[in-house]
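Pasting the structures here.
Below, chain A partners chain B and then partners chain C, in two separate complexes.
And then the complex of A and B:
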């Protein structure tokens, strides 16, 4: 019986480890609240339970999940070829801005139904283009993908802001915002009283699609082999440069779709002046999911939960919003710490191996 | 095999027994050593090892038997999961290699750890440099090295640059390094694997001198005749356990071999005569320069016919790897002409070459041969997933691929739990079988096998060699066998080339026509055939 437990533990070690990490992160946030707050009980219950209190709040969690799932899936594509390409944030921002520009200024009279489809495709193309640039630079000139994408994010985000300020700003408003996005372009809301749009369904479809693509198709297989051992891929006859670039183009495209879907599902006007950090949230959930697209929805739900919980704590109690950043950082750090808990695993492994030897 | 014209002074067996049995305390005692790796692999299980002062102790076992693991623990690289180590009767616990050195344990690794750009003397004193007026004392280093070399009769030039010396000299530097730090127990990990027969003889003379001087040597090997010739006592490991120990003189090589593998190993391979048919690959005047402009391959020419195996012998690093990478499309060449199946292959990609009938076993199986985190099925399909048998326009035919994998697991005796096992969790021999299964079933007509059995157990080695011979005997396949293992290259090949410094320096139409000693001389560049003789390799 005990042996069975040991075996189960070793087999699902990554899952156990991630759960423990999340629990630790959660415990740290509770301790933090306890020390910061004058009314810790209220703050802690707000943090833990308020996100589920009412359809509106559950709705805001799901709303938050939509763009970060796309960004996370995009990051899974990057990780599948072992490239830490962080273009997602900029790609998502720029395509959100560009899609707003198309919808408000360029083709505001596109027929309904076709309209959002055209917009999403446009978002994918722009995101894909953003992903292609650092991928090409890396394979052609051996530039460092992390440095290039971090720098490029500034360019893309400020490019998006430029579009807002000079190409589509509504002069009749006192605040900075684009012209109104035509209703025909918007994605239908599927849960009343919330902003949860069709986007969540698209995000789930995208999850299934990316999972299928990576595991069941020829192209996905080649990308995974490249990610695991590029030399082996080359020796087997796989065109490494081609598939490394394609994977990153798809990754950028997914982030781009995320930007388009977020704008079309939630906003009346494009009003972003800085990044929302969706791209980096996507990176975080991809790391928590260990690059496995199947686990993206769960990771996204978890992140949305602590984010909304922290939002509520920040607005309704005396705890500052920033503490959510601390929690996130701890969790990502622990998930990324490869040998965290390896000692526990080693002990279980020793027990199993000893038992097996004794049995032989 | 090694015995012969060498002047190795063989110790009087009676004296060894006297010393071995009557010396009181063992200098090294490892007791109840167990080591479990994080992946659950139990590399050592309750291993006992004891060595006496002034003896050469052979640590025997197949690859993967746990010899290297045991020595890593002795040298502080790994910590035993259980068990104790005693040196001179005192319990020790090493926190690292430095700790082990302090206790008088020295190790000569299979892969030398030397700074190529420095001189011999600088390497010997590295980490313990003589200082004069606060600066490195070069003359002092040379003197120190020379004194030490003279004391143990090592013939070595302290001022030579390491990059330019032979493998045997590098080994001597490693031994001197250990001696300078006061090593009393010296571990040599397969020291003869990289040496020619002549160099091996010289090494044995030196080891005998060290024994006379009272040093204890642990000699890791699986070459039984060397053990018989050199060692006093032995311990045999199999699958992480001690199978036997005793005095070497009480056992025949056959008895030791049975202990190592648990069955009789066929040291010779019976094979039918090759019937060479049409040429499948021909290489004409191949030249390849490295980045610094040095010729790595310098006018290599030969041809391989279907139905035969052409072996390439040579000390590693004489252009064999570059040749194999060029033939498989991983590397571009500068001058010359290569024709495979009647097509000029210049500029072909790996995929094009594979489609043109080339398959290859890389010498570095973990870097090129496999993706360790991927499943067996995924590793088996890497060269053929795109064929209609295994995929549709976009998606893979998972079921057909698994069926294929199951069939090859059976056919090639791959020990695993199924096609979904991760390749990285298999043993070295089984990983190599996965690679061989892929390359031998790709339908290729030209197979480049570069070190196909390096570092794997005897069972897998024999299996792979037999498969290679079987495949060529169908008459549809020609093979190029590159190997630094003399036994392999002589037993398996039908014809034989020797490469030295990027050139073909000898060709034997019949591999049986050459003796090991003669081959060694060609490998070392002591002898070389005329261009006409060598030219007959190209038909």
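And then the complex of A and C:
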């Protein structure tokens, strides 16, 4: 019996490890709240249970999942070719801004049904373009992709804010916001009393599509091969540069779709003035999912849960919601840590081996 | 428009804005020589800036404030080192995560200590004094540009020399370079690679911490959330551009400081601030591209030279062979 457990543990080690890390992360968040809050019991119960309290809260979790699933899928594409392309944040922001500009100023009279489709395609093109630049620079000039994409994110976000302030700002409002987005452009709400739009279905379709692409198509296989061993891929005749760039363009496009879908599904106006951190969220869930698109929805659900929990803690108690960033970072690093818990695994393997030697 | 006073003002702010970049560049250089990219620079700036302000505010002692800044930088480096070196998480991922860790962690720390959110404006903290350099300040033109800076600005240039000496003239520096060039070879002669890598992270945290201290106890007199605006990354880029050369790195940092100064000047000229704020970031990307083109040219030239050498040698050999064959026949 114990042996069986050991075997099960070794076989599903990665899964166990991820679960342990998530528990650790959760524990850290509770400890942080406990020490910082003046009313820890209230804050902790809010954090743990309030996200499930009523259809509106559950709805807000699902709403949060939509953009981060796209960002996470985009990151899966980047990771499939082993590139830490972090353009997701900026691509998502710029595409959301550009789509709002198209919908409010440029073509506000587009026919319904066609309207959201055109907008999402536009978002994909803009995101893909954003993904192409660092990918090209990296392939052609060997520039450090992390630094370039982080720098580009500042530029893209400033660009989005510029569009908001000078191209589509509604002068009749005292706050900074774009002109109202026409109803014809919006994605239909599918759960009443919430903002959960058709976007969640699109996100699931995208998950299936990316999973199919990476695992069932020739191009996807070549990308994964490049990710695992670029030298081998090169010598087996794969055009490494081409596929590395294509993967990152697709990744950027997914983030761009995420921005478009988020704006069209949830907002009446474009009001973002800084990054919402969707890029880092996407990176986190892609890392938790180990770059496997199949696991993105679950990882996104987990993140949406702690994010909405933190949000509620931030609005209803004294604790600033930013503690969740600490938790997210620790989870990312521990999940990515190759040697974390490797000692435990080693012991289990030794036990199995010695039992086998003894002839059990 | 382009009066002398204006130019003096501009050059003065170039140096002022370059100060945190120089510290970051030096920190990044140290870890670069150890073969690692310390992406957590931005987080180190943010954390050390806050701890410096808090300690100086509560103790009323500037030197303790500086120590507090060091402590903040070292803590981030230690966590980064643990994650990257001890449990083998990917370096880039650790760096990116540490920046977010610092972004959230500083807000939490501030809230835990002062019970406020967003900034330390409420806390009366100290700043480093500004120095008028005797003699230098009386020189026309150069005087007002180079004199009257914050003490930490002068320390930055001093630290550039210290960094050079540290990397190229000390035992630890030699070890850092050794593991950066070839960790296996270094291990084979008895260097504890993990320990030195850890040390490299810590030293780079110490250098960058001075940058954080400058930002909150010199450039400004308070700390605000996410105030660093990518300065850490610009420092890393400057280190990248310099290819490990401390002097070149410092000069690059000053040039990046100049783009920041230019961006501020252009903003006051009624140009759209959102577009002008992009300048330092775009300059960084262009810089990275330019240097890699130059490097590629140099590498290609070396390859060409080597190929030429091989060909010449072969031709000489063939000529010799032909000669011996000919003489054999005769």
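Please note the rule applied: the second predicted complex is superposed on the first by the 356 of 360 C-alpha atoms of A that agree within 3 Å, B and C clash if a C-alpha of one lies under 4 Å from a C-alpha of the other, contacts with A are read in each partner's own complex, and residues count from 1 in each chain.
Note that in this section a contact is a pair of C-beta atoms (placed from the backbone, for glycine too) under 8 Å apart; a residue touches a chain by one contact, two chains touch by 3 or more.
Because the structure is predicted, anything quoted here is derived from the model rather than measured.
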| item | value |
| --- | --- |
| Chain B versus chain C as contact partner of A:45, first or second or both or neither | neither |
| First (chain B), second (chain C), both or neither touched by A:239 | first |
| Which superposed partner A:155 touches (first chain B, second chain C, both, neither) | second |
| Larger contact residue set on chain A - chain B or chain C | C |
| Partner chain in contact with A:322 - chain B first, chain C second, else both or neither | second |
| Which of chain B and chain C A:36 touches, first, second, both or neither | second |
| In the complex, chain B residues that touch chain A | 36, 38-42, 45, 81, 328, 330, 349-351, 353-354, 360, 362, 367-374, 378, 381-383, 385-386, 391, 394-396, 398 |
| Contact set on chain A toward chain B in their complex | 10, 212, 216-219, 221-222, 224-225, 228-229, 231-239, 342, 345-346, 349-350, 352-354, 357 |
| Residues of chain C defined as touching chain A within the complex | 37, 39, 83, 86-90, 92-98, 100-101, 103-105, 107-108, 111-112, 117, 225, 229-230, 233-234, 236-237, 240, 272, 274-275, 277-278, 281-282, 284-285, 288-289, 292-293, 296 |
| Chain A to chain C touching residues, read off their complex | 32, 35-36, 84, 86, 137, 141-144, 146-148, 150-152, 154-155, 158-159, 161-162, 165-166, 277, 280, 283, 287, 319-320, 322-330, 332-334, 336-340 |
